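Have a look at this one before I ask anything.
Chain lettering (A, B, C, D, E and F) follows the sequence in which the chains are written, and residue indices restart at 1 in each chain.
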């Protein structure tokens, strides 16, 4: 199923990198030259974005052949062959940087997510992303979170209701905010961010579907979870890292959301090794 | 001077986040409500992207007032007030996330750059970025590098010639590649990536303007610099980090380029604290 | 709060109508001519789209002054003055058709919605729209439904889960479909379309949040509502009209969704009467 | 012959409906599932927009097979098979709504046009559309009018000159307006809107090519037609409906233009019946 | 009246020239520097495009002040001051090239048109343009023709019917082609291209509104005009130049269309002289 | 290698010409008609833009077959067959004008360039273009210059540094300007425009890479070249024509840049001769 939005993004990103032409390649590489490029992992991680790489080359030249050896969501070790691209050398060299930039970043998100998912294994907790994504890359980064074993929180401001402190103040209290949020339609669940057990009780009484438990430690979380059980789902959030996540998970919360999945995942090292075949 | 390209990017990024409307805010916050938001640093670093934040709010509602207390390129400590945004509460709440996403990421790039720049102080070396930028954010990230005290390598494939190993193979050798690269015009300098001193000699003989010294240690770099002096500028590249950068700089190279500046800068912590003023 | 998406739509629609220029006006009307245009209702109804009209003229010439006498959502009778537009005659004449096309259509949606809302008054039922909107006009038409007193069902395929018969078959049953739908995240409610009480029981057991009761008459609806009470919300749908809606509403369902609100609302008659003032 | 403008419109409309993904389908329907969908008429009418439906699915997935059983302009009765779509189930389910929204609306325009055309059969009158089309859909709706047996008036403001009362006032009279309109080029005919026989004489003397006879009854029309014969073509307009159109047509006018063709055609009922084939 | 299409074109053309930034200006010229630029004619001609120049600078920085001393359509001599632009130096220097490129080209079209118009003065002939315009600039070039005293033939393929030899062959003769062309609507005149008097008679009998007399010399033209008088307008076309145009005009044709107006007008020399005011 | 930017430009240009449809062709030419069109040179010159022509037809209908008999850069004489287009008649007739407009204009640029290149043969001088290109056509026109045997100066303001008099004044002298220009990065060469030998010395001392020698006659040029030899490349510019270019070239300059290549090349005469084959 074609992803028309992705194509337009890739066009824009190619234009950003290619400008009015890849002068080095166009001057140094004969039009008839062919090459084979092998994407290979240099570190360990989880793959994401391999289809973006495929599309980058397809946009530059439909004659390029791209074969993925791993699918998004599959793990790799140093040396694992990830994909092979072959055909006319010019478009392959021109597309190298963008394809790597995408695969490295998206795999970084998937890989970091997987580490959090593994850290909470057997606790029943689901790892969620946030809206702290890179501007313009949200769809791809949210897909990478799924590739890493996590789940998506709302995509943006229109497909979920999350009432924060300022909404509460502006609405005149938690009850009023929840009622206002409900007034529009029945399709969107209503989650309320709470800092204290008092606010939590208030939100439960107001009929919130879910509770974002902001910056609570394991003990407080445990109390919150006990109070909410059967009445609303619970999500722990705020300053979670790989050291703290398991203790939080053991509190019994349903979800833990982690901004770092998308805002602080350092690029994974995947390289592209070429074999140049100049046609005679 | 207006940056028309930026406006179009911001529109797209707002659309990505806002979708068909910020349902929480539109339902919970009265149209007449006003608020003041204060951007404040929670860690230390160097600011970048403050004008993006201003534009986010301006696009949502020209009635929002935005006052920057720091300019891009200025350092901040935990607690430093960065900017104040005030006016109608709805657009301010709706624009919060995108403005933070941008300022945090771009300031991360500027801050990491500054750390590298400081690490090589007094060596005369210039820190350069690469094309390993986030797709769609290159212009902003390259500006952030400058805010951090670094300089920009070429923007993309059309404003600089960088001959790598595959170009050399395809062209039939370094000399042939440099000659081909020169054939187009006189405006673009020709840089050649070399791995060994042998290649370096060849590139110098071919008349390269600059040399990208790939993955060389300090000693080899020193030799390369001595050979190139007066004939071509030199750029060290490959696996540079804060621990190794000073030793590399002391080799006498002109430039050190670092992909991590843009591909692995974890978001800087800058928050937005609100004071809600419900109109009566 | 500016609606950037709307501006781009209006530009496109103006281009569609104006082509390479309004030749009649540009040739017959002196640039200095001024006029006053009065939007007046010729029938009764509820206003929607008045801000679109304002923006049409603003796009053509910021010098045009537009004053709305009614706000979206307010009722009008034949003869009610709706808005006044004044200033340079050329842009006003050029923008006449698009502004009328928008106000007439959107007010038609609001007016028809209001009739359904009035028909179910005191029953506690909420009137919902569907995705049977005009391609390209969904946001405006969904706003018109709200102006008419209705509420919005999901905006599109990504902000709500509605499991229909084909999803059920493909997933291998209602329970499997609901479970699959839940697997992604917690933010979206899960609604299941059911044709029979058997399916309804199955959906309730599977934990559906809501039930779309397809084409059920008042008696069957009443049974369905009784079974669902306290376990899921209920929505009646299918072939609802002004004659049948009240009986359906009295069954106790929470929502009634009506495609005709947006796919079959005939344009409301609102005219634009001019007074031409040729400058001497 | 490809219609590049249509493709861009369809992309935009798909984006409007699909948002960041069809979550229900993507979660509940396996990627390998296949289905067959049959478009079938539930009422009677004239088809229009079948190629839009084809393109919707082609954009979502080129692997979808679409076979039209009727061509645009052909009549259908309740139960007539209109088209069959088959292949991967996901894109077919995702594209269902947009394809139906288009075919239903455009067929409504074609069907209503056909009723007017039939009503004036044997009178020699040609039924025309107006600029009262849905913003963004003009090209498709004007094509639907032709499918219904009608003809198109000007497409927009740049491909025809229609002098209305305000143009006349601004230009300083009918003669001056016609002369001004002529001054630009010879390619566009000049039509003048007249309310009285006095204005009609004036317009004929000024050399108008055509006359828009606004809101005249059959008797007055007959007089107008007699005066204009051999000097200008005549078009009746204003408040025409299926009850009144024949009497107007018998006055001998050349054209009758009807805004309702495009602004008030209620959607025609065409359904899409699925047969789901889950791959094993 | 704002020309929204123009703004989008100018944005694209600025992006083409500016790329990711005017590096020379941004590095060499302080942000506080101010300057005055004077557009001055170096040759003689007729002005066109001055509003494009104004918009170029407005897009770059609304703080730039632009004052036109001549209006489009006014003649200039060497040395005539055309416009003054003043304010911040950076956007003025950055916008210099695009503003000059536009004014020089469009004034070239206007100036060449004026020479043809002057060459046929007192003959009653109207000079027309063709569709041989620069891709992307048609609207501006057609406006320039009007500024030069000419008139516009059809804007494109949808606002006029011009039946050429291939249409005639495909339709099965002139009569059949004219009848087919008439079948759609009454708004567009039908012009037929004829090479011989025989074809001319055929076209007149078929009821053509106008005749394009292709590549006929003055004598043949005279005969053609005599035959067509009172039945159709006449347009001479094909290889017209400043030497031959008067003789053609004296044949009595109504129009002479000239492709060279837009495809071969060499740029008019208009310069921009700066006075730099560095702020202290 | 596909040129995605070109496709978008062609779409826009087709929309400009075709509007809402080629009414003449659509009405007069049966959908089944087929034809063959032969592009043939009527004058002599050098071809450029043949791939644009191919793409015009491919965009209109992939069923059109296009065969080029010459490649871009190859010379033609009157009568030389350039290309053949065959297939369905409608898209071929609709695309005729745009394909010719492009081929004629771009071949004009290539042909004029070739004349300058021939005029300086054996002098070792390289002919350069400027930024005086047609807005929107820069990429194609710069390619045409290469097809004619010339080379490209910088593409736009971001891929080359050219310090002109105003930059010098604003920066506070040549030395300061060159230093400021260098400060950003090492990738872009720095060229300085000089009017006198004094300025030339200053620029050389400041370390300029190249010198634009503005409006200097052959004798002064010779002196300038002697002074610059071995220190900077030299480019003569300003008022160069076919009469003067050889004398300038013999001064020993490296480059001569000529704005007329792109701003004043009159269209080359290439026609499209049809053979219509009406299917029976």
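Criterion: a contact is a pair of C-beta atoms (placed from the backbone, for glycine too) under 8 Å apart; a residue touches a chain by one contact, two chains touch by 3 or more.
Source: prediction; values computed, not measured.
S.K.: Specify, for the interface formed by the sequence copies subunit D and subunit F, whether it is same or different in terms of residue numbers shared by both sides, with half as the dividing line.
M.R.: Subunit D and subunit F contact each other through largely non-matching residue numbers.
S.K.: Look at all chain centres (mean of CA atoms) and spot the one farthest from the centre of subunit C.
M.R.: F
S.K.: Report the inter-centroid distance (CA atoms only) between subunit B and subunit D in whole Å.
M.R.: Here subunit B and subunit D have centroids separated by 52 Å.
S.K.: Subunit B to subunit C: how many Å between their CA centres?
M.R.: Centre separation, subunit B to subunit C: 44 Å.
S.K.: Suppose each chain is reduced to the average of its Cα coordinates; what separation in Å results between subunit E and subunit F?
M.R.: 22
S.K.: Could you list the positions in subunit F whose residues touch two or more of the other chains?
M.R.: In subunit F, residues 19-21, 94, 138-139, 155-156, 158-159, 183-184, 188 touch at least two other chains, as defined above.
S.K.: Across the complex, what residues on subunit B touch subunit A?
M.R.: Counting only subunit B, the residues touching subunit A are 9, 12-13, 16-25, 27-30, 33, 35, 89, 93-94, 97-98, 100-102, 104-105, 131-139, 155-159, 161-172, 177, 180-181, 183-184, 188, 259-260, 263-264, 266-267, 274, 276, 278.
S.K.: For the complex, which residues does subunit B have touching subunit E?
M.R.: Residue positions touching the partner: 1-2, 4-5, 138-139, 142, 155-156, 159.
S.K.: Show me the residue ranges of subunit E that touch subunit D in the complex, using the header's touch definition.
M.R.: 126, 128, 146, 151-155, 158-160, 183-189, 191, 210, 233, 235, 254-255
S.K.: Under the stated contact criterion, what part of subunit B meets subunit C in this complex?
M.R.: 11, 14-15, 19-21, 59-62, 88, 90-91, 94
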